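The following blocks contain the structures, represented as structure tokens.
Two complexes come next, and they have one chain in common, chain A, joined by chain B in the first and chain C in the second.
Let's turn to the complex of A and B:
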């Protein structure tokens, strides 16, 4: 194998492929990046049996072939090479990387033992790249980071005719967003539960792609999802199990709500929250015209701040964890945010709070973003 | 250790009419009126009464119907255990800001050893004032503080300081304070013992102190006599011992005969899980891991443990995890001598789920009701239906005896 490739093209391709490699792996082989040269195409892949990344770039191939090399090392090297064409070749069981006056000689990993990277040719549907990326950013942060309950470490994809719904929860909050879906499959309803870590990377990778094609398939008794755009493909095994029916937690209609300037509330929350202990909650008192934030920390430190708010319905006091509120407010991606207060029959559990976007004081946002948050118990 | 304190550095702090006061926090319009906390159900009892209600002769543990006869316009507030637990947690945290030597006795009282807190916060009297101010500011509740050189005298002092007061008994005045009090104020002297002592002419603690130990031993038995004698002389060497952080709570049982029936083992796991859950709730702890232990007939012992998404004190949830751990063993009819259930990774908590949904909400409520019934009517009055020996054979404790 021997080929010449543009330095920036190669570096970007390697970095994409390596990003999804697991941090630790029991099989050293799986920390490798697979390099395949054929015709005028260079294919780079990584695969750990659960997740794969694969990309193709143009290269000047002198001799076709394939090789496996440590992914992280190759990425570190590619990032630091000077601006000059890169020549990569295999010689005597080693991989030579030459760029200008720099040369590296790396040990080759046993490529014949490398598993077959999944190739999916089906297409279930298409989504607009920018919307997809922003929906992922809004939703995936609500997924649980605790592996104890695997089903909530994923982002649930819900396909219905011409919409794709993304949902994630960690039990304390639920984030939901709907985007357009151009259906290409025979049926028109399908769900898939995808690891949030992968979904987040997919969002970043395809943020600038016009269209991302999505396929959900069963292969060898395993369910897979693939995302493809701009000669890049990411596949992931789906998480097994049933996602909790969290949509029913959202209220149908709420009469009691406040509208606030998103940034003002973010800044006030950050300021007043300074005195709080970790895990402690802030108290928000909404009344017509204003909301007052109050915090009490250990060592008797206290803070309060009042900012403008428009209130519809009754005066309301809620106790919220600052980080959870901030996540919801930032993800609203809008100048104003609506905070709705739901009622509950349980005296020992306050009703959830719903955050939605608002383009102005009076007009609700056009997107379908919804963020439901469980307040803490209010002592007084 | 016979070290005598030179200062009244043991505080006993008791929240005033705790449940009722918490209820009144968000009902200021009801303050100053006779009110009790009691379930609005048929035969409930008063769990807490405001001082205004106490003037009518109302007290806790009294049947609600009787309280309503004593004061027909008494306001009845349904209980909110979760709120009380949360308030208690905050109050105990305020205590622990003063000293780590906090021994919590129940949801609304604790001993504090403030001997080492002097250079930071001042004399015991100053600390008592500080604690009361902080509790007031932090929760809106009032408490009473007794300060003395022993636990026993501190506790008696706080009862004398109620409501909303402080009583400091300087060590050299301990006996002056103690001796005029009726013997009933002593720990361990209930109605029967008190009555018995009166036949010996003992009415006050001072009388008891003067009684020769030999006479007292004949009157109440050797062990009690020594304890009462010491207390009557103001001697009580018990230290304030913060509850050791319990690392786990477990229950296990050895079968009378080795068991090979998975159903019987699951049933036993359920019973043990409910016990462990009740112990967790009593200690105000929640567990992050649930483990099981099995000992085979050859005495080899295995343990398996599972981690929960959210810590729990619900017995039913502990059972779900214990049963899942058992099912994973692929138990194939081996003979089992012993089974155990263990709750580990314990943290303080009242078990209330802070999550948007809680699959065990109904179980939690049911088990709280069970705790309540057991507190009122004693053990063996309620259990899970699956554990009843014969259907419909539960005895109504109120009609028995």
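Let's turn to the complex of A and C:
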């Protein structure tokens, strides 16, 4: 194998493939990046039986072939190479990387033992890249990081005719967003539960792509999802199990709500929250015209701040964990945010609070983002 | 093994890898059967102000006339057997000096939470997955009891090792049980489940590499303690 490739093109391709390498693997082979040169195409891949990344770039191939080399090392090297064409070749079981006056010689791993990277040709549908990335950023942060309930460590994909819904929850909050979906499969309804870590990475990778094609397939009794755009593909096994029916937690109609300037409330929450202990909640008292934030921490430290708010309905007091509120407000991606209060009959459990985007004081936001948050019990 | 407990007004000097001085005050001196000497104040929880770990020897040295004039009645010298560390206790007044034989130490009894987890998981065996049924708790094998033996929805035996904190040792333990149990034609095939409140990443990696499933348990949820700060 011998080929010449553009330095920046190669470095970007390697960094994409390596980002999804497993953190901890018991099979050293799987920490490798697979390099395949054929015709005028260079293919780079990584795969750990659960997640794969694969990309193709143009290269000047002198001799085709395959090689496997430590992914992280190759990535570190590619990032530091000078601006000159890179020549990569295999010689006596070693991989030579030459760039300008720099040369590296790396040990090759046995490429014949490397598993076959999944290749999916089907397409279930297409999504606009930018919307997809922003929906992922809005939703995936609500996914659970706790292994107690594996099904909620994923982001649920719900496909319905012309829309793709993304849902994530950690039981404290639920985030939902719908985006356009251009269906290209026979059926029109499908769900898939994808590990949140992979979804987050997919969002970052394809943020600047025009369209991303998504495929959900069953292969050898395993269910896979793949994301493809700009010659890059990420595949992941789906999480088995049923995602909890969290959509029904959302209220159908709310009369009691407040509209606040998102940034003002974020800053006030950050400031007043300084005195709070970890895990403690902030008290928010909504009245017509204003909301007052109050915090009481250990060692008798206290803080309060009042900012403008427009209230519809009754005066309301809620106790919210600052981080959970901040996640919801930031993800609203809008100048104003609407905080709606729901009623409950349970005296031990306050009704959830719903955060949605708002383009102005009076106009609801255009996107379908919804963030439902459970307030803490008021202690006084 | 005798433990000697002394309450005395004393000053203490430590010399060796570090030098430290405790000024004259009333303190609790504990002389344990293993030879260790610990100096406690009325505070600082379990932690002594100063101490000498075994192997070490305690000897009373002669009080010089000028020291006696300063009020010292007894001087104890504790020397470490392997290092040159030295602890000198100058006793001015002894208030209490008692010795007790504590007998043979039975060691730490199995953690309460772990035993409770076993009982709770047996009661809620479906936590392991739909269709799981309990065979029995403490299934005895030749090398010790397996915490829980169950059957999955297909009727295949599942051996469960329970830990509060799941680390590599627990995985090794379960691996030994599985190896043995899979030799039993009446049990085989037996799959493994490593269940804990918290599983260390290394332990998870090793377990999954050996085909052992990891299950993280929520103690509060098993006990039926609802968290009111969640949506569902």
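One rule holds for everything that comes next: the second predicted complex is superposed on the first by the 380 of 380 C-alpha atoms of A that agree within 3 Å, B and C clash if a C-alpha of one lies under 4 Å from a C-alpha of the other, contacts with A are read in each partner's own complex, and residues count from 1 in each chain.
The rule we apply is simple: a contact is a pair of C-beta atoms (placed from the backbone, for glycine too) under 8 Å apart; a residue touches a chain by one contact, two chains touch by 3 or more.
As the structure is a computational prediction, the values presented were derived from the model and not from experiment.
Bringing the complexes onto one copy of chain A puts chain B in a clash with chain C.
In the superposed model, A:347 lies in contact with chain B only, and not with chain C. Contacts of A:246 after superposition: both chain B and chain C are touched.
When the two complexes are overlaid on their common chain A, residue A:374 makes contact with chain B and with chain C alike. In the superposition on chain A, A:276 contacts neither chain B nor chain C. When the two complexes are overlaid on their common chain A, residue A:300 makes contact with chain B while staying clear of chain C. In the superposed pair of complexes, A:26 makes contact with chain C only, with no contact to chain B.
In this superposition on chain A, the options for chain C are 44-52, 152-160 or 206-214, and chain B clashes with just 152-160.
Shared interface residues of chain A, touching chain B in one complex and chain C in the other, are 146, 148, 169, 171-174, 244, 246, 249, 348-349, 352, 372, 374, 376-377. Residues of chain C touching chain A in their complex: 199, 201-202, 205-206, 209, 214, 216-218, 221, 227-232. Contacts from chain A toward chain B in the complex involve residues 144, 146, 148-149, 152, 169, 171-174, 244, 246, 249, 296, 298-300, 347-349, 352, 372, 374, 376-377, 379-380. By the touch rule above, chain A contacts chain C in their complex via residues 24-26, 146-148, 169, 171-174, 244, 246, 249, 321, 348-349, 352, 372-374, 376-377. By the touch criterion stated above, chain B contacts chain A in their complex at residues 25-26, 80-83, 86-87, 90, 93, 97, 134, 137-140, 307-310, 352-357.
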